[in-house]
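I'd like to ask you about the structure that follows.
Each chain carries a letter (A, B, C, D, E and F) given by its place in the written order, and its residues are counted from 1.
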Amino acid sequence: MPITIIDETTTARTDGRAPGDLRDVKITRNWLDHAEGSVLVEFGRTRVLCAASLTEGVPRWRRGSGEGWVTAEYAMLPRSTNTRSDRESVKGKIGGRTHEISRLIGRSLRAVVDTKQLGENTIVLDCDVLQADGGTRTAAITGAYVALADAVAFATRKGWVKASAQPLIQSVSAVSVGVVGGRPVLDLCYDEDVTADTDMNVVCTADGRFVEVQGTAEGVPFDRSELDALLDLAVAGCGRLAQLQAEALAR
Amino acid sequence: MPITIIDETTTARTDGRAPGDLRDVKITRNWLDHAEGSVLVEFGRTRVLCAASLTEGVPRWRRGSGEGWVTAEYAMLPRSTNTRSDRESVKGKIGGRTHEISRLIGRSLRAVVDTKQLGENTIVLDCDVLQADGGTRTAAITGAYVALADAVAFATRKGWVKASAQPLIQSVSAVSVGVVGGRPVLDLCYDEDVTADTDMNVVCTADGRFVEVQGTAEGVPFDRSELDALLDLAVAGCGRLAQLQAEALAR
Amino acid sequence: MPITIIDETTTARTDGRAPGDLRDVKITRNWLDHAEGSVLVEFGRTRVLCAASLTEGVPRWRRGSGEGWVTAEYAMLPRSTNTRSDRESVKGKIGGRTHEISRLIGRSLRAVVDTKQLGENTIVLDCDVLQADGGTRTAAITGAYVALADAVAFATRKGWVKASAQPLIQSVSAVSVGVVGGRPVLDLCYDEDVTADTDMNVVCTADGRFVEVQGTAEGVPFDRSELDALLDLAVAGCGRLAQLQAEALAR
Amino acid sequence: MPITIIDETTTARTDGRAPGDLRDVKITRNWLDHAEGSVLVEFGRTRVLCAASLTEGVPRWRRGSGEGWVTAEYAMLPRSTNTRSDRESVKGKIGGRTHEISRLIGRSLRAVVDTKQLGENTIVLDCDVLQADGGTRTAAITGAYVALADAVAFATRKGWVKASAQPLIQSVSAVSVGVVGGRPVLDLCYDEDVTADTDMNVVCTADGRFVEVQGTAEGVPFDRSELDALLDLAVAGCGRLAQLQAEALAR
Amino acid sequence: MPITIIDETTTARTDGRAPGDLRDVKITRNWLDHAEGSVLVEFGRTRVLCAASLTEGVPRWRRGSGEGWVTAEYAMLPRSTNTRSDRESVKGKIGGRTHEISRLIGRSLRAVVDTKQLGENTIVLDCDVLQADGGTRTAAITGAYVALADAVAFATRKGWVKASAQPLIQSVSAVSVGVVGGRPVLDLCYDEDVTADTDMNVVCTADGRFVEVQGTAEGVPFDRSELDALLDLAVAGCGRLAQLQAEALAR
Amino acid sequence: MPITIIDETTTARTDGRAPGDLRDVKITRNWLDHAEGSVLVEFGRTRVLCAASLTEGVPRWRRGSGEGWVTAEYAMLPRSTNTRSDRESVKGKIGGRTHEISRLIGRSLRAVVDTKQLGENTIVLDCDVLQADGGTRTAAITGAYVALADAVAFATRKGWVKASAQPLIQSVSAVSVGVVGGRPVLDLCYDEDVTADTDMNVVCTADGRFVEVQGTAEGVPFDRSELDALLDLAVAGCGRLAQLQAEALAR
């Protein structure tokens, strides 16, 4: 699924992609039998299992508001990575990175949810990385949206959400961009990620607006023109992901 | 893969199996790209991802012994079950059941490992339940053995283990048995498990000897004849699993 | 209190016992002033303090059921063992073995409790190992039953449990068996335990039925005939323990 | 210290500032006697104590590299906020927000440190919020840089860092921007922050390049033109902060 | 503010004080904008920020009693000390010393509070050590009383406490005394504290009675005459502190 | 073992003792088989098991000093008290009171140990309260000293401590005193403790000097004359305890 944005470069990326190419993206719905929505999302070798759990009621601080709640938890299996990491359950605490990404996924999804339309129901999105090869948080957001859509549809079928309600305003997806070898590229795999000078994760709605922009200078600080090029790539990439989400949901 | 032991019963089990039938068992090797051995094992709808991680060296208390170490960690994804469970990493501690099963898997595998032949290498087996429908610990042991065998083969290819060494003495597998509706049955699914009077997990070597026998009276205590019938079923079931492991490793 | 089962062996055990001999077992009731039931139970040098605490009400998940609850917590004092162990309270978490044994004791006691007859009352059994010389979990179960019986009697005297109710169905006791030096023996002390090939804990009711059977191959896997011999020893040992419990309760 | 960027608006902000105005910024060096560098930084009523602690040596994973290490920890006093929050030490774990901000401050400072020039020394920046009124993380970065500069100077005076070395490449500062009432504004106080549609934290070097850009749509997603306006405001604000840092260090 | 008690000594203390001299004591009220009472208290270079947080309601175990509750939490910033200490929040647990001092402060304040007069309101005193140079717990108690008085006045103004009520019986303050170089001295700074043979913290009410007396032999045990001399010094020192508290509250 | 100090009172205490009477004190040595020193100490119904564990080597921060280390850990069994308390191991953290008492016991013992004479050996005193009826910390100190003496004697016999060394300077014991019903009394049982106006724990050496004096006003603050009366009682009580310790060690 190549979307060529910058093709002035002749040297291919490590995996042969052009700078504006996504990796192969697969979205498999209903991967689990129990969850109200579930998706195995793959961005190349990155593989994230997204499960949406719907429950009646909301956290205490939201009770009586008439509004629902959507939240997310992200985690990596110990051997999703190249070398094994210790389990956070065994260490007895969640690391900073895990916390940060869980919060990012939750915020990103809530940006497209009209919690009033959801009623006092809660949907938790569990995003567990089965295999990591860069872009796990962006794959998680992209897959979690589809699982969320399935859980909302389930809630509507069950009558928990009114038939007339539209809890989802539009779709949301995410992609990473970065400057690798001096060149802005889309959807970095792990090998690219570790050598990137700038690393940015961008979360966009289907209409091309921004939900989150998180850019970090890994090596030297970046300037406005680099930032602009990265944003262009990201917006285009999210546009393609929004199509893939729509196709998956139409199946 | 039916193995009929007791067929005097005419009423089928909830899923149509005879008392001595295993569920459909699938063993998919190399499900992950990074791990030295990895298996997705399925006992019906129960699905466990077993990843073997090989590292040079052993825990401090074993250094200088010339012997290797094999250990295991078991965990369930929050939505592997019918209703979502809280993450143990978020709760900040491992529950008793998790501890117990992790220890059982580790002991079961070590029973067939000659740690002297392994040299000072460590293999950690991560058994993560992606979907639970009864028998997750027995599926985990059965799958983990195959992942372990692949990791040992990897270590041998890399020269970490001597070509002449035989770290694996024989294979090991496990199955649950129980008394359901007054009748001993093999390989209980969740619906059977919750109604069982007696619940037993049996771990056997390929030559039909016992590594672990763990029987618990859930309702009324059981007598020797029930125990004997359950052990018969379990030994036959493990025999069939040993064949399936061998077939998977031969592919 | 020797109960000879196998006497073809002429070589005595390290402490002079025949294979089917229990160690000296002492059951001292009312060792504490505050607890509703309390027992200092001794299996040779193993010494466990079992305290039964009775409270009105049940855990939240059981409220309104009309049924009671019985649970247990096991722990070892830091210097109950040969070399000092760190406190689990200082480490900030319960180890796997502690979890496992606490759960075993709780299940074993509940197997002989008719929770409906108990009414909505809770009894917690605290089993604290003051000195460990093998068989701490089996001594704990054996002593805890007596403390439980005293707490139930207390509850009946106080009218918390109806005079006509029979919350205890029968007694329960436990003993370890194992294969030491190729020979099945009963009630292993620590020195025997560390050299045992097979180690089994068996929990029986007074009528000789099984509540728990937990056998583990420490060295080589064991076969059915060894398992049978161990079960025979254990059933006989539990029978003797049931007598001792009855005698203690009759005093 | 007003820096007017957008002055087409006639309605003042809640505290009377123009959209491009910073709050009163005060940087007080040497607020502590023990620390190698310390700054009390104030952005209006937001007050953060930044202490730089210099120690010889680096974390284990960096030993022998010849390179130094700079890291940061952020925390809020329980009553820095409008209503008291529980202490994270009492809760026994660090929250996600604390983790996230600590990591942000550390990355931001490392972006302007040449760790090779620092030699194998570690500098920890503790940023404790004494009073919070919005923008605590940006104040922390801005103040921490000055404390870091003082600690580097201390290290140089002591000879821990060579006289010829230049561990600091340039200065770094940070500011928040957001869309409040439909209008992009600089350096939000708490009242503005809670009503902002978009909230962005920008970290810039003295030469106006980006170290971090973190924008979040709190309400509706934002478009490219809003993003551009916010970036313009932020770059100008960081420029002013860089001057104030330089003035403080010149005193 | 010298109060000379023992002046037979001619050699001055390390900072020039006479044995019965307090360090310079400063009590700055309203150091924070949000808290209902707040004090920056300084005993020489020791600097503690005391914030009083008033909330309606009391802990569960006190509900319906009609009585209020006063408690305290003490903590040190990581770089309040000469060398940096790890954060207790990062370590995931509170140390023994922190626990001990928090409890001491709470008890000391409750000794002068008539909780019935307070009504069902809670006041939490957070005492955070910004800089430590000996005597942090005594400075904390002395400052916390003033913050408490301001919070009570606030509660009275708001009508949470009846205008006629007198929740504060009298003032309370604390000071350290010790035997340094064979000589009893008042209000030890850190350098004196580490070399003291006996270290005592004394908490007194304004009328010169004792709330807490905590004496510890650091080196050799102390005798009754030393104890008496230390108590004399402490009572005089607390008397002076009570005046300073009264002056601060009168401003 | 009555030691009458104040006999102007005619009304007896709840248990019939005169104000200056200790409860029955029993010191049973070698209560455990494994520990290098062990004592079951009883102050009336208060029963504390003190185990001394000797190990070669010292904590890291003391290595190479040539000096030994003595420390203590105090804990209560869940049902040592009138109503059951939750286990600190299950709660995952040590409470403030436990911390405080552990530290007190450790300091008290170190006050009579010449760590240079001990050589680089560590002795840990575990003081576990089996039954609590007031005065657990003072019983713990009193019993722990005897266990310590036995462990030192063991170390000397084994040659870990030189035959000529005298690691113990003198004995140490502790007792509680308090003002109950307006009258100073010695060695309070629980019923007295809860009604006491002033509560003081005093740790004395055999020669009648003070190691610790910890007095707390529970109700109204106390004055100097009350303090003096309490100290008199405590010194006499510790004197009697020192005799009992000596007698126990002489047996």
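Criterion: a contact is a pair of C-beta atoms (placed from the backbone, for glycine too) under 8 Å apart; a residue touches a chain by one contact, two chains touch by 3 or more.
This one's a predicted model, so the numbers in the text were calculated from it and none came from an experiment.
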item: Least step count from subunit B to subunit D, where 1 means the two chains touch; value: 2
item: Mutual neighbours - chains that touch subunit B and subunit E alike; value: none
item: Relative orientation of copies subunit D and subunit F, as a Cα rotation angle in degrees, nearest 5; value: 120
item: Distance from subunit C to subunit B - Cα centre to Cα centre, in angstrom; value: 28
item: Centre distance in Å when subunit C and subunit E are each reduced to the mean of their C-alpha atoms; value: 52
item: Interchain centroid distance [CA atoms averaged], subunit D/subunit E, Å; value: 34
item: Multi-chain contact residues (two or more partners), subunit D; value: 92-94
item: Chain-level touch network, classified as line, ring, star, complete or other; value: ring
item: Chain order, ring traversed from subunit B with subunit C following; value: B, C, F, E, D, A
item: Of all residues in subunit D, those that touch subunit E in their complex; value: 32-35, 38, 45, 49, 51, 53, 55, 73, 75, 77-84, 87-94, 98, 124, 126, 128, 130-131, 133
item: Subunit E residues within the subunit F interface of the complex; value: 93-97, 99-100, 102-103, 107, 111, 200, 204-205, 207-217, 220-224, 227, 231, 235
